[in-house]
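Consider the two complexes below, in which subunit A is the common component and subunit B and subunit C are the respective partners.
Up next is the complex of A and B:
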């Protein structure tokens, strides 16, 4: 497989703090052509911030403190400015599709405008291209729907429109920030199906951020588990779900109710994730971890390769709890 | 099932526009009937807009029904309840951030309730507050905090404590864990399960998360567009869904162990608007099995153990 996106040593800093505070990182991410990378974590783990840092749209006060971001451009790694990536190479699909659509434009015009901007074709031609794109993302009756206003569409259809806008930009990378959280489960399944089809047909690279472990199991080829701003475990999705090595990954799975099972106890994770201002020098999960020892509190474990082809950041990786 | 809490032909219409003479109605509930046996956990699942939250609100007396009746032990429970009736049914809402008063400490919140309803003598109020905190696994020093200083999971525990303060017989939980992380969700679910078992309460559990419902409910009703389409023991409904909609829901639920293709059928379209006039079966537009009878005749809930509202249920109409 060929690479598409390569991020090394990414760190997000709190701008004004006197002592440096980094809610996220340092972390490395890579994405291949036609691959879906899943990032899972609880709220506050920094998974959404990571996506925002890629597009350089971090909330005020936060800055990208370090890290290089390279993308593959005609067989060569280049390091472009974020403004050349946004809306071109990289598209963003957010949790709230309504916020991504201009409420004062009909959806056909919304997509047509992007098509014109990128290809410089005529108004009439952009209109037919827009309808074609709507058909590609599975909008029923696209000729009629193109004349609708965003508020006339359901959540699922809005999300499809946003996806078609990313396709109109000829994006090669889709960043999906919890794109199905606001949707019903039957619609979620349809959107996940659509994303998978596009991934196959167009060779799209997708980074899919969610807190739903079962959903990530369905869609991602490779996953990163994030905790308190760091990746604690990463590797092929099937391997990680078969034999999770990090105590946090295991704890997450033990806390998850499974549709197949009606009995057995759910194991909550006691305590709360640390605040970015209280990050210790040691392992950030140590305070909630049953396996934690002095060594864990003294130094932070780094990601290391295991024989299963995954990478884990834990001194006690693989030890049965 | 022996009827204890009974809902009969319950309908709720909300006027959302039009004129006074010809209002446009959003039909949130369309003739819903169900019975909940005492001491069980009854789940209600469905997609947004299917009327599950409206059902919860009618049960707790927050929304007036347009037709039909809710009764507890044969006594009707309407909008206007005596304080004793109100005590019997309590509710836990989805978002503890907005259902708790941000200006009150937990102690004020709880002691106000205990005093108003005269549940314990005045000198016992402080003790009872502490007891309630222990019941929901919270340290007693949290009594002096305000909701703003508590985490999401802790707030939901306080909301549960507030409901428990009135010693209710029925606890209505409307998506109590939807706003929580999975690690915290587990502790709140375990807490609710333990309380139901120890205090012998009945719980109505509203959720869109099938895995959670599977875990904690004894009986489950599946709703679609204001109607119940399938109802029965959770075990049966989830392992052998008879209605095509329940089947499709099971297909759509993300799983850790992917199921073999073909076991369940995916849905194509989306749920129609609750504003629409429906003739026949509400699900027929999306149903893979729909026939001509479905367009004209609304199927009734029928069956022996696992009731299903479908003209062509899996296993035949007599199963």
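Up next is the complex of A and C:
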């Protein structure tokens, strides 16, 4: 497989103090052409921030404090500015399709605006292209739907509009931030199918953030388990589901009542994750971990290769609890 | 309901509103304690004079008859005669209308421009010294009395530079423009601070919206986001603000007319009140109410074009 995206040492800082609080990172991410990378973690673990940091669209007060981001461009690794990636190379799909569209513009115009921006075509041409895009993402009767206002569409259709905007200029990478969480189950399946079709058709690389372990198991080639802003375990999806090494991953999987169930949302684990302001020097999971020792509290374990081809950040990796 | 239907309905709604306004205006006369004709004539007027006033104003007829007569006359542009000068109220209003309309329109346009620009800059540079100084200026603007702001402009700009007249409405178009600059500025000083505060809050909230983040992520620049997307949202707020503020605006314009000796309706009203010239008071009240109704109507119609979610009922 050939590389598509390579992020090293990404860190997100809160404010610009000399010793900033960093809710996320430092962490590394890679993505290959046509690959689907799943990111899983509890609420607040920093999944959304990570995706937003890739395009540098973090909420105010947060900044990308460190990190290099390279993408493959015609066989060469380059390090473009975030604004040259937005909508051109990388598209974003958000958790809440209802809030992602400007309510005061017709959806056809919203898509047309993005098309015009990236292709420089005429207004009339962008209109037909917008309708083509709507057809591509499976919106029925696209000519008519293009004249609708966002509030006149269902959640599923809105998410399709958002996807079409992310695709408007042939993005090669889609960042999906829980794209199905706000939708009901049947629509969820449709959107996931659509994303997989698009992935096959265009050879897209997808980073897929979700709470749904059963879903991630189906679609992800590799997964990253995030805890309190850090990746604690990563590797091929099959390996991680077969033999999780990190106590947190084990807890997540154990909390899953039936791994074969159609939908398995994360079950709560005893305790709560720490706030970014309370991050300790040691392992951030130590407070909730049955295996924690003095060593865990004194220093943070880094990601290390295991013999199974995965990477795990734990001094007690693989030890049965 | 279609938009055309909504507009038609909204227009029709103004008919009973106008009837109500006319009734209130008529009752103005009867709000005078005791005998209105005697009050208008004054303590020393003879009984014949008072009787004549009574007949001229139709006070000897029953209220419904007075009402119907008043409406009928008003529809034909006859609002009665001034009890002081004997001139027709319509012609007095016609003479005095232009400066007031100029002041209100230029003042509103200036306030809209100033508040949009300042609030957008403030929100984009939130919590910087620029934002803080705008906020400080805004608070200053809210706390100074309008007449004082006008006097300061006269003292600090008109008198030293000699560029602008300190009173009157000037001759011809350029004269009008010249003499409206400082009054319109005073108007903006009085009205825009409240609008800036509301708009700044709105812009800050808008910049936190998901769709702004998503537009950025799709590659849209800050200019496109501000001018193609956020301005529509801001316009909706502005329209609402203007509808709500039209009362204070009229009050402010009366004060400004006085400060700059603009021969407008406000001045005429103040004079008429001091002379107890009721037909003129009634006429100007009617015109003011018409203006307020017009502003609300225009605001609602514009909103129906901008906001697809507004239920057109």
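The working rule: the second predicted complex is superposed on the first by the 306 of 321 C-alpha atoms of A that agree within 3 Å, B and C clash if a C-alpha of one lies under 4 Å from a C-alpha of the other, contacts with A are read in each partner's own complex, and residues count from 1 in each chain.
The rule is short, and it goes like this: contacts are C-beta pairs under 8 Å (C-beta built on N, C-alpha and C of every residue); 3 or more make two chains touch, one makes a residue touch a chain.
Here the structure is a predicted model, which means the values were calculated and not measured.
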Touching partner for A:154 - first (subunit B), second (subunit C), both, neither: first
Partner chain(s) touched by A:19 [first = subunit B, second = subunit C, both, neither]: neither
First, second, both or neither for A:252, with subunit B first and subunit C second: first
Contacts of A:187 with subunit B and subunit C, given as first, second, both or neither: first
First, second, both or neither for A:215, with subunit B first and subunit C second: first
Partner, of subunit C and subunit B, that touches more residues belonging to subunit A: B
Partner chain in contact with A:43 - subunit B first, subunit C second, else both or neither: first
Touched partner set for A:269, first subunit B, second subunit C, both or neither: first
Partner chain(s) touched by A:74 [first = subunit B, second = subunit C, both, neither]: neither
Interfacial residue positions of subunit A with respect to subunit C in the complex: 52, 55, 57, 59-60, 83, 86-88, 91-92, 94, 96, 99-105, 113-114, 117-118, 149, 151-152, 162, 165-166, 168-169
Contact set on subunit A toward subunit B in their complex: 42-43, 140, 154, 156-157, 184-190, 192-193, 211-215, 217-218, 241, 251-262, 265-270, 272
Subunit B residues within the subunit A interface of the complex: 47-48, 151, 181-187, 189-190, 208-212, 214-215, 234-235, 238, 248-258, 266-271
Residue ranges of subunit C touching subunit A (in the complex, touch as defined): 126, 207-211, 213-220, 224, 228-229, 232-233, 236, 306-309
